[in-house]
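The structures come next, written out as structure tokens.
Here chain A shows up in two complexes: once beside chain B, once beside chain C.
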Partner chain A sequence: MTRAAAPAPGRPLWRTLALWMLPILLFLMVASLMLSMKTLREVADSAYDRSLRGAIRAIDLRISTESGGLGVELPYPLFESFQATAEGEVLFRVSTDDGLVQIGDALLPAPPPLTVGQVVFYDAIYFNRPIRVGAYMRPLDPPLYGAVGQNLIIEIAETTESREAFLRTVISRTMLRDLAALLAAALLLAVGVHAGLRPLRALRDRLDLRASDDLRQMDPAGLPREVQPLVRSVNRLVDRHRIQGEAQRRYIEDASHQLKTPLAVLRAQIDRGLQLNDPEALHGVLRAMREITDRSSHLTSQLLALALARNSALWSGSAAEEVDLSALLDGVVRLHLPSARKRRIVLEVDAPADAGAVHATEALLFEAVSNLLQNAITASPAGGVIVMSVQNDAEQTVIAVRDEGPGVSDDLLRRLDQGLRFNLPRTRPSWSASTGLGLAIVQEIMATMGGRLVLANRAPGGLLASLHLPKKHAGLKAG
Partner chain B sequence: MRLLLVEDDQDLAEWLAQSLVGRGFQVDWAEDGRSAEHRIAAEDYDLILLDLGLPLMTGAELLARLKAGGNETPLLVMTARDSLAQRVALLRDGADDFMGKPFAIEELEMRIHALIRRSHGRARGVYACGPLSFDQAGQRFTLAGDVLALSPREHAVLRLLIQKLGDPLSKQQIIDRLVSMESDMNPEAVEVIVHRLRKRLAQAPVQIVTLRGIGYLLEHDEGAA
Partner chain C sequence: MFRITKGRATALAAPLFVLSATLASAAPDRPECIAPAQPGGGFDITCKLAQAALTDAAVLDAPLRVSYMPGGIGAVAYSTIVGQRTDEPGTIVAFSAGSLLNLAQGKFGAHDETDVRWVASIGTDYGAVVVPADSEWESLSAMMEGIKADAGSVILGAGGTIGSQDWMKAAMTARAAGIDHKSMRFVAFEGGGDCATALQGGHVDACMNDVGDSQAAIDGGAPLKLLAVFAPERLPGKLAEVPTAAEQGFDIEWPIVRGFYVGPEVSDADYQWWVEAFETAMAAPGYGALLESRSLLPLPMTGDELNSFVTEAVAKYRTLAAEFELVQQ
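Take a look at the complex of A and B:
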């Protein structure tokens, strides 16, 4: 049997779900956090930058060149309120683009190339402190010192501590909120799984509380739709066991009937013998008793073999292995050779040198083949030929036993064709025909292997009994 | 002839022993595997009748121990658990014969005699099949008392067959066993040898039976004897 991958260990359902969900949730949250950080920074920048822009406008309005030089009247009240809201330092510089005039903090880093009439914001470092700078350039009219095309640059900078602090607050709140959502999801998952499994636990309790012989069907109503197929499967399984149990019970009844009858006969014979005084008559009774004993011992072995086969049907597959057919046939032949040779019956084996293997329980297959050969030997005329053969094709292996005996009755063939199982005869068994029970055993064994027994009378006389074993009956049986 | 009956069921042991004594055997009884082992070690028996389901040491265990210890006393197994596959396994493990319970005492007696005859013959190096016998010491066959003249190859094949009496031998098995002696042996050669042997035995009630797909079997044709 090819073994599938090792079965997954019994991991709790909630953990399976959590292992699926939580990493994905975590990934989504980190991604969204990174995205929102970017957005938040942009929003914060645009808000803070607006006040920088306001300050630039205010300074711009207060620049005068009337005195011939460059004059700036700083908007101190604005600066103060600005400084107060920024919670940091505000720096400014008013200069011309030729660098001849600079008012304010001359040490502010040089601005990037500017476009006339446009306010540009950028980050920079000022004495190891991060700053945000707004810069604006416009033409100076009239220019100073008679220069041509001179531009005026206004730069306002503020330290960024407050905006960083603002960002940190917002982001940590976002993270906290996400984390709380994650925890809530995990909690909901656990609670949900717990609640969702409640019907299953109830089902388990119902099964646990059942008496071991209670093989009634279970009502799937009220169970989640996903669980209902499971319940139906359990029901089918229970049903199979019930049917098998029923057959077992019938079998035991039949068997005890069959076993007790010869005992009753023996008892009657003993009682009769005890009444007799004539030694010759007593001897006759004893001989009759011996015959009954022989028959009933044969019957007992057959009944036990049948019970074993039926039992194996319940546990089929447990002892299945690759059985070498050549070795099996050889064993069967050697077992029956003495009884065959006693009547000068010739046994032959017609099998390819490598007859191959089948997947089966060896003891059972041996029993089945042995029964067919036993029947053939019983049926064969003295000096007859019995041929055992093996044929393989893609789907099945056929083990056949061919004899030159009288064959079987049409009635028996009809019963087999109709798919009827041989069973113990209800009436007193006909002692001479031991084949009935033997075939029942073979049939039972074939049922456990997913194979079938085929009987056919041969045109020149004799019986062809064959076992058809599917190549992959293990799979069929499991289905 | 002295037998050891190893059987734990007292009723069966008693009645069986009575029957066997009535038929001229001397019977000792051991109730379990361990005491049987002691008796076998201490005394000399012609045959052991062994039940399988024994207390203290199962029959199969005892069988294994005896065979491992090199004991050559013929051993007939009696069991009620007559699963056929088990029977084959037992014979493979060294049991000389097998009887399923219940059995007919005549049958048992016949088999006991056959086993003891075989084992005594082997001890003396004599194998017999009806009027045909092979003396290992003298390396010669006699048929009804007359020496049978055979070629070396015929001699070798017939010796294999008589030593494996009742057990068919395939051509390949014959070749395998003779390979040290004959390097150019092939299946056709075996057929030719068997054909010649059959001619030599034509008048005797002993024959070599061909069981196609199984092998050759040497047989005493009792009906014709």
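Take a look at the complex of A and C:
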């Protein structure tokens, strides 16, 4: 369907069909020809043998034994009419089975054993030429010189040029006819495919003429049934693009909204600070401002991470590398150790000494694990325990973070099971420590790596959040 | 019936004519000469010569009847005379050197040369190679070159099949020319007459015939020409222009004795009558002309002389046939 100079222009459909069909047709034709050759040869033989039989009868009539001897009127005039129809040469021999009489082509090969009264036909070679011989034996009555049981043998042979020529003619005609049929089949195929593809060309024109922002569905009606699934696929692709476009728009809206609130708060704090004269109170305002700035900074980096994760899906896999999991977990723990300590939360790492490596983009994986730990610390009660673990099996690597917090809502779990993306929270009841972007980012990163985020509430209370990373990460999956 | 009556008559008559026994035998009632081939060949000429000579010499009152009994160049006639018509006093059968050659090879059935009574030889003929008058070949050597180039394309006609004297002439010439005689194509006819007919029809390219029957055909207007004669030297008269095979590099002679035999049970008296009849005829003044008109040379032999000639010839031919791996037993 692509008309532009693609690196490898596809083979035309009619040629693909022809490459499948024509050799098989050719094979079938040759096979049937071989079979009909045998039949044709038998038919030709029986027709030509009949004229040999006629010649034998005619010679038999020219044999006289009246004188007591055996005389044959020379059969050459007979042969002249016979040879007018048969192109080759005609040979004859009249003999008695006691060998006393032998008239005609003396060097004809000896006939096979003959039965009285029956004409036998056989192939032979005479002076390096193939001949067809008809041989006939009958009793001589009366026998010559009083002999007993004397038989007369008449042999007529013709060279096989004419029947070979006949066969050649028939066979070459058959071959020509078959070849013509084959060419016609190829031609019809090309024409048929051309005609059959006309709706596809119309479809292409419809697509080419579309405005770039026209993301309406195409109507598959009127297209060949084989092409309809393709149209539906294109429709689904267009739909995904539309949804993605909407998500992007919402992301920008959300990000703007998220940044608008702290900026408004900061503006209010600045206004308030300008009215204060008490340095102590001003200091308090500045501290509050600093906290807001910290949170805004955190929010910005989260938004950046989300954007990065989404963009990463569009990058090539060049950023992927072998990531050492032990080192990665160390880094994440070190980053969050201060905030955990502040709430007396115990962080445990349950990983084998050699946790192995995964094929991933290090920054993105770090961000994902870091987000899960951040969420766990936020959810965990003070003095709680958070366990991070790594498990390897043949197919995947699982990085899990277990906390003792309240878990997540059933609604959220259901959305995750259904494969839905987390949306950014549209409304925020309070400006809490969490930006609420964490799980959306993790999910986005997992999609990029071909992995999966799994959340499960634990029986006594708490959440188990795990990242399932495939072992042989073939490449970056389109987001 | 007739034969029994005749036999008794001879037996009764014999004592009455005892004083003049040699002349006493009456001429046979219905004298017949069997030419054991189709008309027009050497046997035909032999019988016709006897017919003319015996009439000219007034030995026979009734003209000698000529009948034809083709089959194996004399084989059928020989077997008939030895097996069926053994005692017909009025029947003589023509033979030639070819008959003796076939006898030597056992081609006449289970008979040998002692099974009949040889009466007389009346002349000798020679083998000849004859082609159509418009043939591309002007000499025997040109013809042998043609066969050498493509043996399968040249069809040789012969009065008689493989092993016959006509075939033998061709085989000997081929041997002299360095050609394998087994590579040559042969069509057999019942005598030289049929071969000459086929030659004129273009069905064969050359006939290995005899001077006598070939010249007879040419004299009769057939468009044929002789390429060679298998004679020691050129023949007299109108045949003087035809070169011998030896002149063309093929040192082969093939004389053809022509004569007659009678059945084994023909009485001595009747046999003797025929011997004397031929002696009389061949001594007649006009006989030389008769021979010459048939392109034959004189070779008068009768009785015992002929018997020993036949015995020697058969022995000689037996040796020759062995050379060409022809003897069948």
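The rule is simple: the second predicted complex is superposed on the first by the 286 of 479 C-alpha atoms of A that agree within 3 Å, B and C clash if a C-alpha of one lies under 4 Å from a C-alpha of the other, contacts with A are read in each partner's own complex, and residues count from 1 in each chain.
Here is the rule we use: a residue touches a chain if its C-beta (ideal position, glycine included) is under 8 Å from a C-beta of that chain, and two chains touch if they have at least 3 such contacts.
Quick caveat, the model's predicted, so the values are computed rather than measured.
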Touching partner for A:Phe127 - first (chain B), second (chain C), both, neither: second
Chain B versus chain C as contact partner of A:Ile103, first or second or both or neither: second
First, second, both or neither for A:Ala355, with chain B first and chain C second: neither
Which superposed partner A:Tyr76 touches (first chain B, second chain C, both, neither): second
First, second, both or neither for A:Arg334, with chain B first and chain C second: first
Partner chain A, residues of chain C touching it in the complex: 36, 38, 67-72, 75-77, 79-80, 82-84, 107-109, 151-152, 161-162, 167, 185-190, 194, 197-198, 201, 203
In the complex with chain B, residue positions of chain A that touch it: 290, 293-294, 297, 301, 308, 330-335, 337-338, 341, 344, 346-351, 362-363, 366-367, 370, 387-388
Sites on chain B touched by chain A in the complex: 82-88, 100-102, 104, 166-168, 209, 211-214, 217, 219, 223
Residues of chain A that touch chain C when the two form their complex: 67-72, 74, 76-77, 79, 96, 98-107, 127-129, 144-147
